[in-house]
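Below, subunit A partners subunit B and then partners subunit C, in two separate complexes.
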Partner chain A sequence: MDNYYVTIGLEVHCQLLTTTKMFCRCKTDYFGKAPNTLVCPVCLGLPGSLPVLNEQALRLAILTAQALNCRILPRVVFHRKNYFYPDLPKGYQISQYDLPIGVEGKIEFDFKGNREAVRIKRVHAEEDAGKLVHEGLNLPFGCSGVDFNRCGIPLVEIVTEPDLHSPEEARECLVMLRNVVRYIGVSDGNMEEGSLRCDANVSVSPSPEKMGTKVEVKNMNSFRSVFRALRYEVDRQVELLEKGESLYQETRHWDEARGITLSARGKEEAEDYRYFPDPDLLPITLEDSFLKEIKAAISELPLTRKERLMIEHELPENEANILVQDKTLADFFEEALKEFNQPRLLCNWMLTEVLKNLNEAGIDITESKVSPQQLAELLRMIDKGEISGTIAKGVLEEMFTTGLDAREIVSKKGISLISNEKELEKVVLEVVEKNPQSVADYLSGKEKALHFLIGQVMKETKGQANPEIVKDILLKKLASEE
Partner chain B sequence: MERKVSLAEIKTIAKLSKLSFSEQELANFSEDVNSVISHFEKLNRLDLQGVSPTSHISWGQPPLNPDEAVVWENRDWVLEQAPEVCGRLIVVPKIVEK
Partner chain C sequence: MKVELFKDFTIADYHKWLREEKISLPELIEAFLERIKSIDPDLHAFLEINQQAALTEADILVKGDSFDKELAPLWGIPIAIKDNICVQGLPTTCGSRILRNYRSPYNATVIERLKEAGAIIIGKTNMDEFAMGSSTENSAFGPTRNPFDLERVAGGSSGGSAASVAALEVPISLGSDTGGSIRQPASFCGVVGLRPTYGRVSRYGLVSFASSLDQIGPIARSVDDCTRVFEIISGKDEQDSTCAPYPPFSRNDIPTEEEIRKLKIGLPREYFSGEVEKGVLELIEQSIDLLRKNNLETIEVRLPHTDYALEAYYIVSPCEASSNLARYDGVLYGFREKEGEDLESMYLSSRTRGFGEEVKRRIILGTYCLSSGYYDEYYLKGMKVRTLVRHDFEQVFEECDLLLTPVSPCLPFNLGEKTKDFYQMYLTDIFTIPSAMAGLPALSMNCGYCDHLPVGLQIIGPPFREELILGLAGFLEKRLSLTPPFPNFHQ
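Presenting the complex of A and B:
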């Protein structure tokens, strides 16, 4: 496999976060809605109806292209992409052809310690099709059901140049694309719910000078399936070439359950979309002032934010990377940091305890009952020695279920740190007596034994001892044993 | 110069449109389409060098919709027009073959 050059390009569709559809005023929140309730003559393609472009959809598509460093073309022209399918009532999809919103952009991401730049070929806007339901309640045999709620939902399509050279790199690129569209608020980028969809072009070649035969892979519904499908496809193509067989250009569908790609032959020859400019939609000339106004909304992008967190707060790259993957998580971190200025400690708590509690509840940070200020207060209490880290973990858990402040929980439960030296000395003495081996180990130079002994004291006091004081007393006691 | 549309092209277009015709119908289409095309061939007599193709006959900035929802009240009426429904789904012949 090492003797082959892998070339991958991505085609990503993102559902734009508008309230209404692209060319009519039906709502876009179709998820979980009864079929054919979010429809009107325009999105149903009824004769005589005329499309009118949604300004917000236009703005979000432009914003996407700008965030991906594209050159924005001065005129927006929509084309009809003609094909017949039951989920497309007009017989054509309104899309863009030779004049997309933006061209010649790039996206950067870090991969295996290197900064990679993948060129963006184009970013264009188009409408989604409806949904075909093949199985379900009482559908007559040999029939499908059509739901037009999704028909006309605004999408932005992002096409990369074939600059990717492994399934791993393709996945990283896709993750960054997802993060960018989330950061700028154009899409929620949720692959499982279909608001972000990805197709890929894959080819392998024995020589870097000559491109192999391009195969298009579709139907990948998660980041994991994109990676698996690409890896499968690369292996399949290499195997065929090794056997001396030739590849042909085709579309293949990823079968998640079987973990293989299957040829979707028969469809290609029918692919002749006969694009032409949609006479119902006048071209729009984009003024510089309009473009500038949109661009002003671009907030800090994930890669820049990661670098800033690493420089400003001295976070390690890995940790900074996890934080910025989710904008709301990084926002929470920076909000809490305002009231608890120990970035490393805060970051550790975020990435371990906070994430653990979120995962257990199956929610994301925006749904959390704990505010950044509340987390900061909890960490301040540890810092001041009012409670131990162990106790704080339990308190945080309770904060997540009740939404109460740390201080309230602590006082309600009567938790307090035992700082009374007399009381602690008694426990330390007991622990030392019970663990002669550890004491001997420590005295012979094994530092670890000290931690074990502190741990035993914490255990005896159910985490309520002030660990700093325990350490002092222990050290004094051990010094006297020498 | 007149361009003839071949029977093969007519068949391709019919296939793309998911329509089927008898041989006789296809032959008729061939004739009809050719007469339509030869009508438009007349336009080729004009010297259009330097004139960009006209895709729209109107200029100026088109109106844009505000991003505010309007509910269409007749949505149930659409289901009444469908030849067959199942619940609120419009029933069509299955075209996916695995």
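Presenting the complex of A and C:
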């Protein structure tokens, strides 16, 4: 296996976040809608209907190409891609061919400690097709239906050069592409819901000079399945070559349940899409000012942001990386940081407690009842010694369910830190008396025993003791025992 | 009331009669419906008669409007619509079996505008299947006959629209012109037909044959009526990206007679060759003489790429058609052959049985020409020839203002005469195709009769200069003083 060179290229489709479809005014929020309720003569391809380009779709496609460092071609031309399928009501898809929106771009990401740059071959805009439905909808037995709600939703297709050399690297590249389209707000990049789709071309070769036979892998519906499918496909190809067999250029479908790829039958002969410029749409010339205006909307991209977080706030790479994966998470972090300027501590809370609460509720940060300001306040209370970290965890949990301020919860429950030395001294004395062995251990040099004793005090006080003060008292007490 | 009374009428005359209550609007509509009922079984200009809705529409108009105020431009005027233009609720078959049971759920932009102008849609007219043909013999529902001789063709593809106007089943109609489909049947039926500049009239709701060539245009019994319909249907439309962002045509832009006398008329030598039937040529030359007598200057000009235009047209238009007609797959609407064994066999049998021979010929031709490896040789080369053809016209219009030519090299031919040899059929459009390829406006009008058959002359103008064309056409019409046709072929 190590003797083979793996080459992978990705073909990624993202649904663009426009409010209306690419060539008509039907709404795009089809997820969960009854079939064929977001349709009109244009997206159904009824006789006589004509497409009119949605400018917003064009803008978002250009923005995507710009964010991927592409050269933007000055003329936008849409081509027809002709083929027959029931989910394609016009018998052709309006797409782009030899004049895509952008070419010669690149995407950078960090992989195994290296900064990788994968070249982007092209970025083009096209319309989505409908969807075949095989069950439900009161379909007669053995019949399939077509739902055209998705038909005509704008897509951007991003094609990389075959610059990836392992399934892991391919997954990382895809994650970065997803993050970029989310950062610039062109797509919600959700693989499970199909707003981001990925096909891959995979080949293996015994020599780095000569590329192997290219196999296209489709039907991968999550980052995990992209990784698994590519892993499987690489192994399969190597195994065949090892046996001295030859590979065919073909399309294979990933079967998630069985964990294998299967040859897509009936597509042996290469399809001829008979591309030609769509005579219903006139070519568009892009003015520099228009491109500049669009480009101005590009916010900081994930990689730059990660570097900034590492430099400005001295976050470790790993933590910074997790934060920037999700733009809204990083936004939350920086918002909270304005009111609680301890980046490391804040980051730790974000990546442990906040994420834990979000996961348990099955929501993302934008749906959180806790605002960045509220989190900052909670952390300030710990910092000032008003509550302990342990208490704070419980308080945060309650903040997530009720949306109340930390201070409110603390005062309502009467939980605040016991800083009263007299009160604490009493507990410390009790603990010392009950645990002679630990005291002896500490005195014989076992530092760990101190933590145990502090823990016992915290336990007795149900976590309300101020741990700093407990430590002081304990040390004094133990010193006197010596 | 007999429609024969209206044979010389223009829209203005109908409005005068309606205002003076010499006739009521329901009576007027009834009269036309009666005419259709009486002669259309022989003529077969209509595929669908919108009887009930037309009468209801007339009632609504009468109740809603008062004669005291100005009437909408086409108030109460019955109009026939070619069956490839969508009218909500009515069939849009395009003369094809594959759309036999299809009804459009929406109105074409031109229909919206006609309705707003008060016109009454009286029915849908016969046509060559998907507008592919020059005789209406390619209709899946049988040919339309020529009102001047029922054994002859009405021309095509807008044969039904032209014949219905010529036989006064209706005073005005809409056709569509891809390579001559308005002008040639207008010529064969002795009426006026205008192909506007590409982009002058919205194509939204016109079933596409060749998108870069298709244009909707009016057919009428006089240049003035043609102008009035054109005023209503022209102008920008946000639903058609290829529609030019100009306001509607206005007849106020038509030049005065004095200005018309100053026009220089070009006579392209390529259009006066030996291919033109003698009778046709003689009548065209009489019209040219008439212009000269009225002090208009005529000059001979050259359009050297004329011969190539036809060949290029039969590459470019089938290419676009092969893609435009892919949607008729039997899945969502239209004819579907009984469930096949699988998807592919369903497609195959639906399209094999749903389309006629000429349509299939062009789909195959277009599919071939767009195939990988042939695209450059055919489609791209066809488009280059198209550019050369356009340059020809651009140069010629440096020397003259308008061109005057025959519409068709031949007189209306006999039914079945050219169906066996499709190339002979294609040649009948040899004088209408070049201007269509160049996107230019052109008009066909009657200039006399040869053996009782009408002969049409064509006026071609520069892009968006319909006012010059209509001006000259009106000028000629007045001086030719031919009576609008009222062929009395019944019994």
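As a working rule, the second predicted complex is superposed on the first by the 478 of 482 C-alpha atoms of A that agree within 3 Å, B and C clash if a C-alpha of one lies under 4 Å from a C-alpha of the other, contacts with A are read in each partner's own complex, and residues count from 1 in each chain.
Keep this in mind: a residue touches a chain if its C-beta (ideal position, glycine included) is under 8 Å from a C-beta of that chain, and two chains touch if they have at least 3 such contacts.
Only a predicted model underlies this, so the values are computations on that prediction, with no experimental measurement involved.
**Q** Once the structures are superposed on A, label A:L281 by its partner contacts, choosing first (subunit B), second (subunit C), both or neither.
**A** Touch partners of A:L281: subunit B and subunit C.
**Q** Once the shared chain is lined up, is A:R80 touching subunit B (first), subunit C (second), both, or neither of them?
**A** Only subunit C is touched by A:R80; subunit B is not.
**Q** For A:S49 in the superposed arrangement: first (subunit B), second (subunit C), both or neither?
**A** In the superposition, A:S49 contacts subunit C only.
**Q** Which touches a greater number of subunit A residues, subunit B or subunit C?
**A** Comparing touch counts on subunit A for subunit B and subunit C gives B.
**Q** Quick check on the superposed pair: does A:S289 touch subunit B, subunit C, both, or neither? Answer first, second, both or neither.
**A** It touches nothing on subunit B or subunit C.
**Q** After lining up the shared chain so the two structures overlap, which partner does A:Y92 touch, if you call subunit B first and subunit C second: first, second, both or neither?
**A** After superposing on A, A:Y92 lies in contact with subunit C but is clear of subunit B.
**Q** Touching A:V146, do we find subunit B (first), subunit C (second), both, or neither?
**A** A:V146: touches subunit B and subunit C.
**Q** Determine, under the contact definition given at the top, whether A:L58 touches first (subunit B), second (subunit C), both, or neither.
**A** first
**Q** Check the residue A:L132 against both partner chains and state whether it touches subunit B (first), subunit C (second), both, or neither.
**A** After superposition on chain A, A:L132 lies in contact with subunit B alone.
**Q** Once the two structures are fitted together, what part of subunit A is touched by subunit B and by subunit C alike?
**A** Residues common to the subunit A contacts of subunit C and of subunit B are 41, 44, 52-53, 82, 84, 86, 146, 272, 274, 276, 279, 281-282, listed in rising order.
**Q** Report the residues of subunit A in contact with subunit B in the complex, numbered from low to high.
**A** Touching subunit B from subunit A are residues 18-20, 23-27, 34-37, 39-41, 44, 52-58, 77, 82-86, 132-134, 136-140, 142-148, 270, 272, 274, 276-277, 279, 281-285.
**Q** Tell me, which parts of subunit A touch subunit C in their complex?
**A** Checking each residue of subunit A against subunit C gives 41, 44-53, 80, 82, 84, 86, 89-92, 146, 272, 274-276, 279-282.
**Q** Enumerate the contact residues on subunit C facing subunit A in the complex.
**A** 84-86, 92, 94, 99, 102, 104-106, 108, 203-208, 210-212, 238-242, 319-320, 322-323, 325-329, 331-333, 343, 347, 367, 370-372, 375, 379
**Q** If we count contacts the way the header does, which residues on subunit B are in touch with subunit A in the complex?
**A** Those residues of subunit B that touch subunit A are 12, 15-18, 55-72, 75, 78-79, 84, 86-96.
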